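The following pair of complexes shares a single chain, chain A, combined with chain B in the former and chain C in the latter.
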Partner chain A sequence: MNKLLALTALVTLSSFATAQKNTTLVWSGAITGPTSDAGSSYAAGVEDYCRYANAQKMLSVTLTCVVRDDQYNNANTQRNFEEFVGNQNVPVFLGYATGGMLQIKGVVQETKVPTLPASYHIGIIDPPNNGYMFLPVSSYSENIVALLEWVANKERGAKVALIVNPSPFGRDPVVDARKAAERLGLKITDVQEVGGNNLDNTALLKRLEAQGAKYIINQNTAGPVANILKDAKRLGLLGKMQFMGAHYTGGEDLTKLAGDAAKDFVWATSYYMYDEGDQPGIQLVKKIGAQFERKADTIRSVHYTSGMLAASIAIEAMKRGGKTITAASVYKGLTSMNGSRAFNPGFTVGPVTFSAKDHVGAENLRLLQADATGNFKAITGAQRSKMFQLVHPLK
Partner chain B sequence: MELLPQLLLAGVVIGSIYALAALGFVLIYKSSRVINFAHGQIIATGAFIAFALTQRGLNFWLAGLIAMLITFGLGMLIERVFLRRMVGEPIISVIMVTIGLSSVIEGLIHLTPYGAGNFSFTTPAVLSGEGLSVLGTQLSRTQLAGVLTALALLGGFTYFFNKSTLGITMRAVADDQMAAMSVGTSVERVFALAWAAAALTAAAAGVILGLMSGLTLGGLAGIGLKVFPVVILGGLDSVVGAIVGGMLIGVLENLSAGYLDGLVPGGGTREVFPFIVLIAVLLLRPYGLFGTKEIERV
Partner chain C sequence: MPASRFTQTGNYRVRYQQDQTIFATSAEQASLIVGVLLLLALPLLLPKTLLRDVNMIMIFAVAVLGLNVTTGYTGLINIGQAAFMGVGAYATALAATRLNLPFFLAIPLGGVAGALVGTFVGLPSLRLKYLYLAVATLAFQIIFEWLVGHLPVLAQGGAISMPTVQVFGIRDSFLNHNRFWYYLILPVLVGLGLLWRNVLRTRHGRSFIAVRDNDRAAAAMGIHPGRAKLTAFMIGSFYAGIAGGLFAYFQKAVVIEDYGLHTSVQLLAMAIVGGLGSLPGSFLGPLFIVALDRFMGNASEWLGAQNIFPQGVDAATALRPLAFGLSIVLFLMFEPRGLANWWRLVRLYFKKWPYKF
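Take a look at the complex of A and B:
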């Protein structure tokens, strides 16, 4: 009996010792399937920052980096969560898609494992089950409301149309956009859903033109938006309509796909751009990208930076939580990121701040506009939307 | 009323691409009575081969041509390795093989750098200038080139089936394999040629689609299913049917987007409308507008 007790104690101690030497950082997202254009670069960002953190010995333990393709399939996301969190006690989960994140929201709450999605859908951090979900940057809803504020400043009473993805990712900001437009004195003339196979947008654009919509706000990914811009150029609508969009519509991906049709596109995002080489975060992106021999296109993609941000937040939270890295310690580390202890890895236009009540990381955003060469240049400073907090008070 | 001609014209443009994509289904069905569910993946393969070649500095036109030749060989290979063994097997088994093939090809594309991501051909200089104004709407040079290429290929295949010895032989095989074999026709050779030709047209469709609206695996492979209403409406074994069906579906899609989307919250009727047509055709005229009406007396 004594031998058995001693053996049990030994096994317990050795497993405890093992837990102190290693921990796992896991990301589940779309490397293939819909939106993999963003997901593949995001995955590279997570993976490379994680490897960089190991090389820099940022933690006293060794990080095992797992990047798992869930193919934008909610069931796969859930299985990955159960495998890593349920079976392997991974202390923090990096997720991806809106649908998948909404699906695991209840389980995240139950397991109390802090989760950082790549989706900036505000519903992910809305009650109920919102205790352990953290958005790395400002939400799509806030992006869109900020764009509406910009429109209202330019032209009070303007007519605005929304083109959104036919999914929770696309649809969610519509409610907040409608409320904000009403308060701002803007008229939303139409809300149209456009998916990824939009081969011809003539009918869509001519109808929006007939409605007198001068500002078109997109909540979609870069591919469908590029096709809309190319058709708008063909139909001679680029000068007549101002095209705009939330985070996943813009950046290098858009200019690469739409070419000169992307000129003047106004984009809301919290991230610094690749060509802002004076920013320490961008310098780090370039350094890490070169170190791990990523292709130029990958390094230039804003989604590569986004993946790095998510990984850096998780690793910083691990570091801050104490010697033993657990879900509870990571939560403690995350919620310590405020005031003088805000985390600023330099990837975003403002610091990352979280608390028990504040679950939006880099709250600041900027509006940028594509120039003739396809580069996005800031047309506002770092700001928060004033109206967003009125139409969607966070609890 | 200026909207109507614009919608019709846009419908014809997109319809001609649908027709080209549908041609692959028709070629295979016409010769072997097999519906190829991997056609969308072959479209994607052709497009990505061309894109990969342009990435290595090859001229766009040459890359497109080489991609068509490579997929021609690939189509022949697929027939030789997978389909030939299925001759005489129940049709459901053959269909399942093509469904399996679709997954295998998609998986293989995922292993390349092109499986994930959104890509775009660099528009050749000759296609990047001002387009043409027709019926009050602008057509880009890319669209015009796409339509002309599609129509040339469709015209070529129509001529091939009606006038050339080989084309007539292929039709004979489709009509009665046993009778064709009894007069010395190599059915296997005909099947291989049908698959190869279908793959070649798939590559052409993929390159045109890629040039017009970018390259994504999902988008290109999805075209394979999207043209089902086209082939059902036109008639599964009719090249003319593919052309007419393609144009009709393209136009109907645009008309529904132009006139119905405003009535439906969120719009998006163009995605659904072709499949409503598909159901209606299957219920009312299952052999389509130009397909062979088969009569079985029992």
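Take a look at the complex of A and C:
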């Protein structure tokens, strides 16, 4: 009997020791399907940073990097979560789409596995079931409120129109935007929904022009925004209207699609740009991209940087959590990222800070404007929206 | 009378009563019992993640059964089945969260909501046929998505979390989720399958088939084609509503993206691949499509790891949608009667095997 017990203990210990040699970093997102233009670069960022971390021996264990295509399908996201969290005990889950992330909120809360989405929808970290969801950067809502603040500084009482994606991703910031506009003395003349099949926006733009809307804020993806900009140029509205947008509207993707119609577009994002080569994070992006022989378009995409940020946060949290990497230790590592222990991989315009109550990572953002060459140049310093705290107090 | 109660090598039916039996032989009854027993034991044999796929197959099978009622048996093309599922899902979610109804009342309520909306949406079928009716149901799909996206009570398409279910003291949790729901979905699927099998034996079931084959001839025989069409829409969308309610609980939240046009197309593909107008096809179609998707997912992951494709081509991940499209085209070209026909051929072979004449 004693021998049997000793053997059991030995097997348990040896399997425990084996488990400590490896851990898995998994990302589930859209490499194909809707929004895969952003998803494929994001996936490359996650994968490459993970490989880089292994090469640099950032952790005492070997990281297995898994990048799963969930095709923007919520059921596939859930299956991936169950497979990796339930069966393989992965200590942290990197997710993607708004719908999928909203759907797994309850399961994330139940399993207590920290989860970092690529969607910056504020509802993901709103109560209930918000204990283990962490946004890597500032939310779409804060992006839009910051843009409204910029408008209010330029022109008090200005008329603003919102063009949003017909989805929870697009619609959610509208409530906060309305509240902020009221406080800022701005008038929201219209909220229009535009999806990815907007081939002709003449009627939309003429309607907004007739309403006297001078500032058009987009909460969408780059494709539909590019079509709007091209139509605005054709109609001679680019000088009369100032087009703006939240994180997923801008960057290289927009200038590539819209060409010179993207000129003067004002964009809110927390990330540094590819052409800011003096930033250590961008130097790292270029180095890793070249090391793993990524195409120039992929490396230049802000989504490649976003994927790297998500992976770097997860790996840093693993490192900080202690010798044994578990969901609890990753949570501990994540929530230690504040004050003097804030994490700054250099990808964003401010450090990544988390605590038990603070679930927004890089809270700072900048407004950038596209120049004639298609590059986005910062027109503000790193900042936080003052109004956002008032219209959407985070619990 | 058949030569044997256990086997049947020919058609020995001489009375209408015999023609209306669900099971032609004792072997069929026995095989159903054995099949159900095997299904009951399945969760003990399958890994957890595979069980999730089985649950998805069963939920889709309920929806495809409904689609077969309208499209397969009555010939009314329906491209909005996912929207009917969505009606059921949202109705179930509202019943569970606003009215605090338990799941065993909320899910049937979802079915009733689906049936009511389905009957209303079926009204154009009184005047429209074929492609025109397809467009009408497609319109409903689009209207449904738009409507949900604009209604604050439905979270504008965002997530409505479902309450946790408890049955006989066993609570649905992350660890037992798939097994828990397997034992709840299975009886619903078997029950609804048997119900439809019984409806088919009634004058309603026969009138559906008559309307599908030739509605003018059906009218000449005294069948009211309009009533038959609306009844078919009502039953078909009831099944979809039930599937939506089950899906809502199984996914733990209702999100509009799950009930979009792509899901409707997927359900239609399942019905085609399984075999339109066939009961076994309603199970085989979802099984094939979900298994194909799973297999292609694994294959693409393996291919991706081989680094044989140039960067940016994403040939590996394109395998899944490619296989999906290709399977529909190939089935339409080479086996329009679907997998149900293969099932029929296998059964036919064993009827004669081993050469008992």
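Just so it is clear, the second predicted complex is superposed on the first by the 389 of 395 C-alpha atoms of A that agree within 3 Å, B and C clash if a C-alpha of one lies under 4 Å from a C-alpha of the other, contacts with A are read in each partner's own complex, and residues count from 1 in each chain.
Just so we're on the same page, a contact is a pair of C-beta atoms (placed from the backbone, for glycine too) under 8 Å apart; a residue touches a chain by one contact, two chains touch by 3 or more.
Computed from a prediction, not measured in an experiment: that's the story for all the values here.
**Student:** Clash or fit: chain B against chain C, after overlaying the two structures on chain A?
**Tutor:** When both complexes are placed onto chain A, chain B and chain C end up clashing with one another.
**Student:** For A:D200 in the superposed arrangement: first (chain B), second (chain C), both or neither?
**Tutor:** In the superposition, A:D200 contacts chain B only.
**Student:** Could you look at A:G223 and tell me whether it touches chain B, chain C, both or neither (first, second, both, neither)?
**Tutor:** After superposition on chain A, A:G223 lies in contact with chain B alone.
**Student:** For A:P168, decide between first (touching chain B), second (touching chain C), both and neither.
**Tutor:** So A:P168 only meets chain C here.
**Student:** I'd like to know which partner A:G259 touches here: chain B for first, chain C for second, both or neither.
**Tutor:** Only chain B is touched by A:G259; chain C is not.
**Student:** Is A:I31 contacted by the first partner chain B, the second partner chain C, both or neither?
**Tutor:** After superposition on chain A, A:I31 lies in contact with both partners, chain B and chain C.
**Student:** Quick check on the superposed pair: does A:Q192 touch chain B, chain C, both, or neither? Answer first, second, both or neither.
**Tutor:** Once the two structures are laid over each other on A, A:Q192 reaches chain B alone.
**Student:** With the two structures laid over each other on chain A, which partner does A:S312 touch: chain B (first), chain C (second), both, or neither?
**Tutor:** neither
**Student:** According to the stated criteria, A:T77 is in contact with first (chain B), second (chain C), both, or neither; which is it?
**Tutor:** Neither partner.
**Student:** Once chain A of both complexes is superposed, is A:G99 in touch with chain B (first), chain C (second), both, or neither?
**Tutor:** In the superposed model, A:G99 contacts chain C only, not chain B.
**Student:** Given 37-45, 307-315 or 343-351, which one is the stretch of chain C whose C-alpha atoms run into chain B?
**Tutor:** It is 307-315; the other listed stretches have no clashes.
**Student:** Could you list which residues of chain A make contact with chain B in one structure and with chain C in the other?
**Tutor:** Comparing the two interfaces on chain A, one with chain B and one with chain C, the shared residues are 31-33, 40, 166, 193.
**Student:** Can you list the residues on chain C that touch chain A in the complex?
**Tutor:** Touching chain A from chain C are residues 47-49, 52-53, 56, 146, 149, 155-159, 161, 173-175, 177-178, 251-253, 255-258, 297, 300-301, 311-312, 314, 317-318, 320-321.
**Student:** If we count contacts the way the header does, which residues on chain A are in touch with chain B in the complex?
**Tutor:** Those in contact with chain B are residues 30-34, 36-37, 39-40, 166, 190-200, 202-204, 206-207, 210, 221-223, 226-227, 230, 234-236, 253, 256-257, 259.
**Student:** Show which residues of chain B lie in contact with chain A when the two form their complex.
**Tutor:** It comes out as residues 3, 6-7, 10, 13-14, 17, 110, 115-120, 123, 131, 137-140, 143, 209, 212-214, 216-219, 222-223, 226, 253-254, 257-258, 261-262, 265-268, 270-271.
**Student:** For chain A, which residues are in contact with chain C within the complex?
**Tutor:** 31-33, 40, 68-69, 71-72, 74-76, 78-79, 82-83, 85-87, 97-100, 102-107, 110-111, 123, 128-129, 166-168, 171-172, 193, 293-295, 297-298
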